[in-house]
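In what comes next, chain A is part of two complexes: it sits with chain B in the first one and with chain C in the second one.
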Partner chain A sequence: MATALPPPPALSFPRPIFAALSPHPFLQAHLLSSTKSPLRANGRQPSDFRSLGVNPGSLTHCHGSAVVRSGNTSVVCGVRAEILREEDVAGTGSYGTKSTSEQDNDDNMDDEADDDEDDAEEIADLRLLVPNLELSTGSTPLNLPGTAPSAAAQTLITRLHALLLATRLVRAADLRIAHTPRVNAEDPDTTPLRTVKGYWVLYIDVFFISLDGNAFDAAWLAMLAALGGTRLPRAFWDEELEMVLCDDDVALARGLRLRGLPVPSTFAVFEGRAEDEDVGDGARNWVLSDPDAFEEAVCRETVTVVVDRGGVVRKIEKSGGGVVGREGMRDCVERSIGRWGVWEEVLRKA
Partner chain B sequence: MAPGAILSHLHRADGSATYTHNGYSIIGAVNGPVEVLRRDEMPEEATVEVNIRPAFGVGGPKERHLESLLHSTLRSIILTRSIPRTLVQITLQVSSLPEEEASTRVNSSLTLLPHLLHTSLLALLSASIPLSTTLTSALIAVPAHKSDPKLAVPLLSPTAANLLRAAPIQSTHVFAFSGDRRLLLNESEGAFSYEEWEEACEMAEESCCKEGGGGVDIGEGMEVDGQQGNLEAWLREVVRRKVGEEQRWRVAT
Partner chain C sequence: MNTDRRRINAPSGGTSAPIFARTVKEAGYLQSLRPTRTRSPNEPRKIFLQTAIIPSASGSAYLEIPSTLPSPPSKTLIAPTSSLKITASIQGPKPLPRSAPFSPSLLLTTTVKFAPFASRTRRGYIRDSVERDLGVHLETALRGVIIGERWPKSGVEVIVTVLEGDEDAWWGDGCITVASAAIADAGIDCVDMVSGGVAAIVRNPSVKSRESVDALVTVLDPCPAEHQHIVAACAVGYLAERDEITEIWMKGDVGASPDALIEGARHAAVGSLTVLKEVLLEAVKGKIRGQVSQEEEKIAQQDIEMTG
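Take a look at the complex of A and B:
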């Protein structure tokens, strides 16, 4: 025969087809390939995080902004401040009385001075921090454009907002616009009382350009970097015009003094399946740091640990399965404490 | 106070339960296994859908977050692979909250979460959905202690009034354990160390899971001195009553 036979069909699938057809065995085969140092499908070890890139101050029309990249997840965050006038505040203005003893913020730049002030209530009740999150068209195949925010996006917003409030990251003192009249109208002899004339409300918009897993950590890093670079113009109450005015002078603008540096680390738990159902005992589990989208689709149990300065845990969220117990959590907390240093360095250098 | 539970009181739903504890009251209904929308159908397992309706107003992002927590937790205990291509729909309506709830300054999703988990489990039991294990959940609040944080005594399943009295609260933890003592869900908030978390976890495990080598019926004696009953024992008692009611026709009068 002159014509050569066509090559026989290959008995093995190429890598991407294997991953798409049976993602679970694909990842398990990767993790089982080497007993000493198991590698994930993306080439990282189970405890490896992705490297971070932070680019602060990228948007010109915001008071603070950042573009953040972690692997193939990239996020833009912009902080826009708007003024909430005191007469528009619902309810009573009982919060302002707390600040009467406080001097002007400009000469009170000591970080620890009002660290203990309990202002969580004020920020929560007046809704001075408004995070919002949007997944751009095409950022992830799971996101259908043109529909209402998905349950996943709403969950993320709730978690980000809860973390903002629970860690008391932003000080209410930085957001108050206070005014001390020259003379006390009621009794000219006594020193006039300082009153709050308004608040800065921070609209924190997080926009995902592309989403390759671990949306929460990336969104929080973008928010931290944007809030860290936020500069609010000096706002003051003009007695003659009876309104809040802002100063043009850039030199008088103030930054926010953030409390601590809460750093979240997310883990996904990959539950291995025994190859032979009868043997049963062969199943192993892996805790994967910083999962990408492929791993998130395969793993059901996720753990998020938020660690602050000095190894204080601020938040633990765990759901979806029962693999990580008390011992597993110790490991997760240790990995998160190690991760804190990386974030601190990245944000300091940015 | 042990929680109160009424099972199968809604006649149109496949399973239902009303759960009352510490001033919280939640009605849960389960329909399933029913036909699933083509879009949500999964070839190898059942789709679980959780809907939470708040006590007032319409659900917002907070409810979506609670729904996703419940969804991932319940999906891990429902034997979804034994009823593939079907839908299990769980609807939870919060019908009353304690009066002091709004003023406790504790994240209200955390205080509500254990009650939602219990209600959904009871409704699933009432609907006879195949489950791999049961689930019990508890809230732990650690009050702030000014001089020495080690002296702070964690509160187990505090009422809203307890929380108000113990304010300020340093950290709040919600734990859910499966019947075989695995930690299914944990939500912790505040400032705490790993050791404090572990202590809270042990405390919750003790109250959620039955004592080692159990099997003794302590249904009647579980509220000695008004103490907190063991939740596993409580759950067993609820199921025993349910089975007893269903087997009435067999019992000779």
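Take a look at the complex of A and C:
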């Protein structure tokens, strides 16, 4: 033909467009590009976590607060304590009598003394810990305000609440407000009994400023950092006014003695697809630590391992597939134990 | 007490905020903690502003007015003042859903939400009237600035989250400024940059007689904790280049001449505009610098082969 066709435009797109058009091959091409050390699209190795930043005590109106950054995910958590009066406690009040006997040795107990005290039921039944979370702050295009919390947000907060109760992080003894009357009204000769006059209820509110994957770990780290820095004012029963009052002296406020340091690590399993049948079984799988939003969108199977001091596994959650078997889980736990050290250091320095 | 089944609920008996013994037993204890204004009446507070804090949003900004707390840590747990911390996030413009009716211009939705820990009393998750009111005012302030005709059949969400608010301040000058910065960061075409400003008439505590002319002072950018008696206040959304006001709202006993108060609010808005301009200019410079270095990087870094 005489009229020369213009050269066909080169079939190349910039990276973000490729990622949006075909996310799965995009990530697979990245992981396959180097056989020795596969790199993810975000430049991390499959076992790399993102770096953490914790900034505690940044909010004025909270008893404890923290701002946490993990890569592009940033979270604010505020802990606010309010008082639940004893007469408002719903139910039979069986904890009141049970804790009375325990309260006797309450004053001289050490950190370890009541470690075995079974207070999980008390905290759960009285709802002394009220965590909540907000994703619809413009932190992600998927959650817009004006609607009820999405299924993802509800799942997330339920998981966080369950972990909070299962790890028995907060002691009920720290939340009780007890009172010993000066004289025993019934029998002036015997020593008066300590009674519980109220409880501190901790409202733990997590606000996402920016969400780029792995909301669970970031929210938990924020909660852990905020609870670690929480200082409750000294509360006492005022016999004159017959109400619980607090002391505004900073020196008398005390912190919470948290049990252990449970650290969750989330992994996403990227299932590779075989490109050609004749190449053989080319389908490979990668277990990606600390997935970002893009990776979460292309992965189905997720594993969350919670480890505590000394490499003790506290909880394992796994859903969405069957790729991670016994060996894979061992690898996940090993990575989680490594991650625990990073968390511990970050929280200690904060 | 109604329960929200989608969230974790508080004990059904209800809880109360802690009451401090000294506030009950010593009259005037709270007043003694109250800070006094050390700035001159027409000197606004320092603002910290940053754009592009949320990578997944098309535009975002963070505004902070640090509190003027004394440097040695105070001995009381009752915070006399707090800082102002607001984030704004822009999602869009993006096409409206198919079910939505035709719109010849950009549909603007504004949401203002206080975090539960933003104020002295705990707030709920469901938006209350104050938040809805602020949202409407913010929408009016922004609507006059955006050139909506350039985005037919599209919608944009402006989401403002107050992480920490001034006490009982009802004005949203910070919301306007931070939303304006986020809109500029998102690259949405505007006729000008809008900025917020507040002025208030306060009773001067040093003048005893209530009828005296000096009893009332007009101050720019009032901090609610510093003034016990705010007689009237006025907030504006102001376009400095065009000398236009897109939003004005006023509360209290203004007296015979509200012009002086509006003028004061306008001056405060100009003050926050200088910060806004500076920050946006810096952000644009940073972006250009980033682009240049990215291109250099591209040459060095090999693209990854896509097969299949």
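The rule is short, and it goes like this: the second predicted complex is superposed on the first by the 324 of 350 C-alpha atoms of A that agree within 3 Å, B and C clash if a C-alpha of one lies under 4 Å from a C-alpha of the other, contacts with A are read in each partner's own complex, and residues count from 1 in each chain.
Please note the rule applied: contacts are C-beta pairs under 8 Å (C-beta built on N, C-alpha and C of every residue); 3 or more make two chains touch, one makes a residue touch a chain.
Keep in mind that what you see is a predicted model, and the values were worked out from it rather than measured.
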Touched partner set for A:R326, first chain B, second chain C, both or neither: first
Partner chain(s) touched by A:L211 [first = chain B, second = chain C, both, neither]: second
Which superposed partner A:Q154 touches (first chain B, second chain C, both, neither): both
First (chain B), second (chain C), both or neither touched by A:D308: first
Touching partner for A:E344 - first (chain B), second (chain C), both, neither: neither
Of chain C and chain B, partner touching more chain A residues: C
Partner chain(s) touched by A:E239 [first = chain B, second = chain C, both, neither]: neither
Overlap of chain C and chain B interfaces on chain A (superposed complexes): 154, 157-158, 161
Residue numbers on chain C that touch chain A, as the complex places them: 6-24, 53-57, 60, 67, 73-79, 81-83, 85, 87-91, 109, 111, 113, 115-120, 122, 125, 157, 159, 161, 163-164, 304-308
Complex contact set, residues of chain A against chain B: 118, 120-121, 151-152, 154-155, 157-159, 161-162, 166, 300-302, 308, 311-326, 329-330, 333
Sites on chain A touched by chain C in the complex: 18, 25-26, 29-30, 33, 59-62, 65, 72, 74, 76, 78, 80-85, 88-90, 126-128, 130-132, 134, 136-141, 144-146, 148-149, 154, 157-158, 161, 201, 203, 205, 207, 209-212, 233, 235-236, 238, 241, 243-251, 253, 275, 293
Partner chain A, residues of chain B touching it in the complex: 60-62, 64-65, 67-69, 72-73, 75-76, 105, 107, 109, 168, 178, 182-194, 197-198, 201-202
